[in-house]
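We call the chains A, B, C and D, going by the order they appear; numbering starts again at 1 in every chain.
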């Protein structure tokens, strides 16, 4: 299905995400660099972690009158500012639409939510393929016009199947992966190919109830609130940097089935909020934590 | 698209919703009636409004061994209990799947959310048709395999077009209507055909910002929280009995566009929660307010 | 300080909390017993756990015209209903104001919140004494006119000091204990004297971050929401039945000090809500979980 | 009662709040001014309203090595930056502890909450006096060692009594006023003496239920969520710039009395959060809206 409404007209901008050791004058240095070269800043936010002395910044500016040619911005910035100030930085352009792969298993709620936003033009993203270890959701992919690859995984074929997946991801030029209730654990070597570029949704308020069957565990413990957590995937199971969390109330009235039902709404919204922030290039990761700009 | 997973096996049950003047012994009378006739109660909740002296109750029981034939239950109950206790009551059977009509305009987020739940088998409902005053969302309806009727409405043709709509609703044997961001005001005579059977979503925390452009109004007022409200439609604009509300935080950072974006997620979840409660026959209306059972 | 405003005029009522194996007719049996003896029911709520087949109920009725003398109600109820239906039940009278002991250490926020409610007449309770392992909060106790006992505890004197505490609790005829950020772990033998009658506040969203320094742990993990949990104390550290939980948002912006500051407000409100429910006799405990009636 | 624990050691800092028409380079100009004069920045946040083209900023820096003498900072800043950039700005020093007056009537919950924080050393504030139109809460003031003035107000004596209040506020050198459920409407001429320096708590989710008896109105309307709103007082009743809002769920179960009870906790927390932000000098007002920095 084609996008049902056109995306809003976008400005042609550059986005810079920075972190570096804090010191006087970084903010002035970066904003002057942009101002002096006629880069009209349309977004600027910064944060200083005053315990760890780290400076974080996101700045976005219009390219129209910017004096430095687009393909030279990175080089100039690095030479003049990035290297001298020991910055870790990433430069993106709003014109380059990120390409997302979706991994799913049998549960459709997150998949539907993402494809609905995609189709409705809520997000600036391309979703060229869906990979699943089950065939169940193939009809959903077809109706939304997204290619679907059924790649069953078990203990014995995991390495081989992950190789196939990686090939597909390369072939389709994928920038980042969203695990939309994909019930498989990715190998470390797979994860290392996409550092801070695999977003998972865990169906609990992490670090409570990491691992399998969190709603059953929540019911057993008799909690009064359940949650969902989206995070970047690292080699630590359910231990990667948290992007977004949300919760909802429950009570003695709620069976495990009720918790699962209520949780579905949490999961899909929390996952989509994390994907949105990622697409907006508003997330910085440091020390297994995130800075998520407004 | 067919439902992608089968509904859970349902028990064959009867559901009774009651309200009446409060007096001693109602609860005992009703439960004895069911127990004595071998109706295994699987849900019972009741509420007494001790200011207005009204008794509210929802009870659900299995029909398998129930002594009274299904088509006689209403008559027996009314004669033995309903009339003597001056009850307003409604009897439903879990086997009778309610039939919903969807009214939409141009915004797809609530439509997608409902069709996704429908397709995923989250809800026990039939959705045979979608009516819209615009053609924009026709492709969405088609992909989900639901009939779509384009019925443009303006000041001059409203009466005539509502007549067409009412015919369709009758033809398709519709039980209740969901206005999924349908941007038209229904006439009183239309509304009176479906009392407490038209569910609307208003994109504000009612009674704040009733009427048009609530996100603009919220932005102007500088609120720190925005909301969404689902309610039954009555002749009072945005004044019907409230079923569900939810809110999310905002700040000086949020432009009107941001509020609209955040609001979409609220709207679709709040509307779907209201529809779910309606489908569960868990809502009672009295004095323009709702009792919504757990 | 005397109560600054008089309590609302209270009705003279009896309150029955029940749980028992579920079977047909319990609700009818209990309500008929009360109706037949002219007990005007002013509150009734019940819950059936249909997985574990347990029936839970809270019922409150006026004693004014009740046919059974107050001191015989328990005996009659047990003989006629409790024993035959294998009920665990507890009978209370609204006239009997519960007596609470407060245990504190150095942090005053929960103490102030409780004493403010007490003084303002928000709660129907007597607080004859405060016990602390530090002297710091003695002036607070004095200003509110509550006796304060300084009982320092260390590894070597714990048994002896707990004996002193138990003596005081008996002397002052204490019904239940509230640990208002009391930073000591009570011994098992102490806890067993007050089963489901010691309420603690833990400064995290349990089961996440049990044990010491939860705000530091939350900060390290980079969570986006922090919480507080009130629970009955059992021999399992931070593992007793949860009564109430609440959460608040945090972000990369929040230092540990900020989390502690935000957490204080959560802690005092969550603890006081749990105490209120306990005072209302609205909590039932079964299988290390609570049923908390509305 | 003296503060029961010493305040954390404070750094000696200057705080600048700025708003002005947006243009390139403001941020660089301000930060360079501070850096060049050896002002170590410990907080910086800024916001640009890109619709109204207004730049907002809060910056805080250490005075220890700052090159400009404290009593000249304002003059230098204004000459070199403020005037040229058409800034509205305000300079504060962390050493200058703000002086707050409390206005109360009969309800003690907000009063207790504020006095508890004051006594506990949570806030950097002096509270030299409490003014009330009733005598009821005098004992509370006395126990906390704060002077209490009983100034009854009615239609006939309002002007005269407000004059007495204004005299007291001047005598006690009051910087700002907190209306802690003070049930009187201040005259316009009074309000104009303390622009954006009178903080009120309204017991509803404004703009819903402005005016008297909001909990009764909320109950009548059958809302599912109630709220509280703190705002600066202007000549528009309940219409001033909103500082903070919060909400809690309610249901058909809740009587007006229950709403009032639940609302008390909201009111006191929301009011105290607003006061905290004001004390932190983190609030900017523009166009009847607030920018509240983190």
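Rule of thumb we're sticking to: contacts are C-beta pairs under 8 Å (C-beta built on N, C-alpha and C of every residue); 3 or more make two chains touch, one makes a residue touch a chain.
Fair warning: this is a prediction, and the values are worked out from it, not measured in the lab.
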Quiz item: Pick the pair with more C-beta contacts: B-D or A-D?
Solution: B-D
Exercise. Could you say what rotation angle superposes chain A on its sequence twin chain C, using C-alpha positions and rounding to the nearest 5°?
Key: 180
Quiz item: So how far apart, in whole Å, are chain B and chain D when each is placed at the average of its C-alpha atoms?
Solution: 42
Practice problem: State, to the nearest whole Å, the distance from the C-alpha centre of chain A to the C-alpha centre of chain D. | Solution: 38
Exercise. Please set out, as single numbers or ranges, the residues of chain A touching at least two other chains.
Key: 50, 251, 253
Quiz item: Once bound in the complex, which stretches of chain C touch chain D?
Solution: 1-2, 4-5, 106, 108-109, 112-113, 116, 119-120, 122, 136-137, 139-140, 143-144, 251, 253, 261, 264-265, 269, 272-273, 294
Self-check item: Contact footprint of chain C on chain A as seen in their complex
Solution: 47, 49-51, 56, 205-209, 221-225, 227, 241-247, 251-253, 255, 288-292
Practice problem: Would you tell me which residues of chain C are touching chain B in their complex? | Solution: 24-25, 27-28, 31-32, 35, 40-42, 44, 46, 48, 50, 249
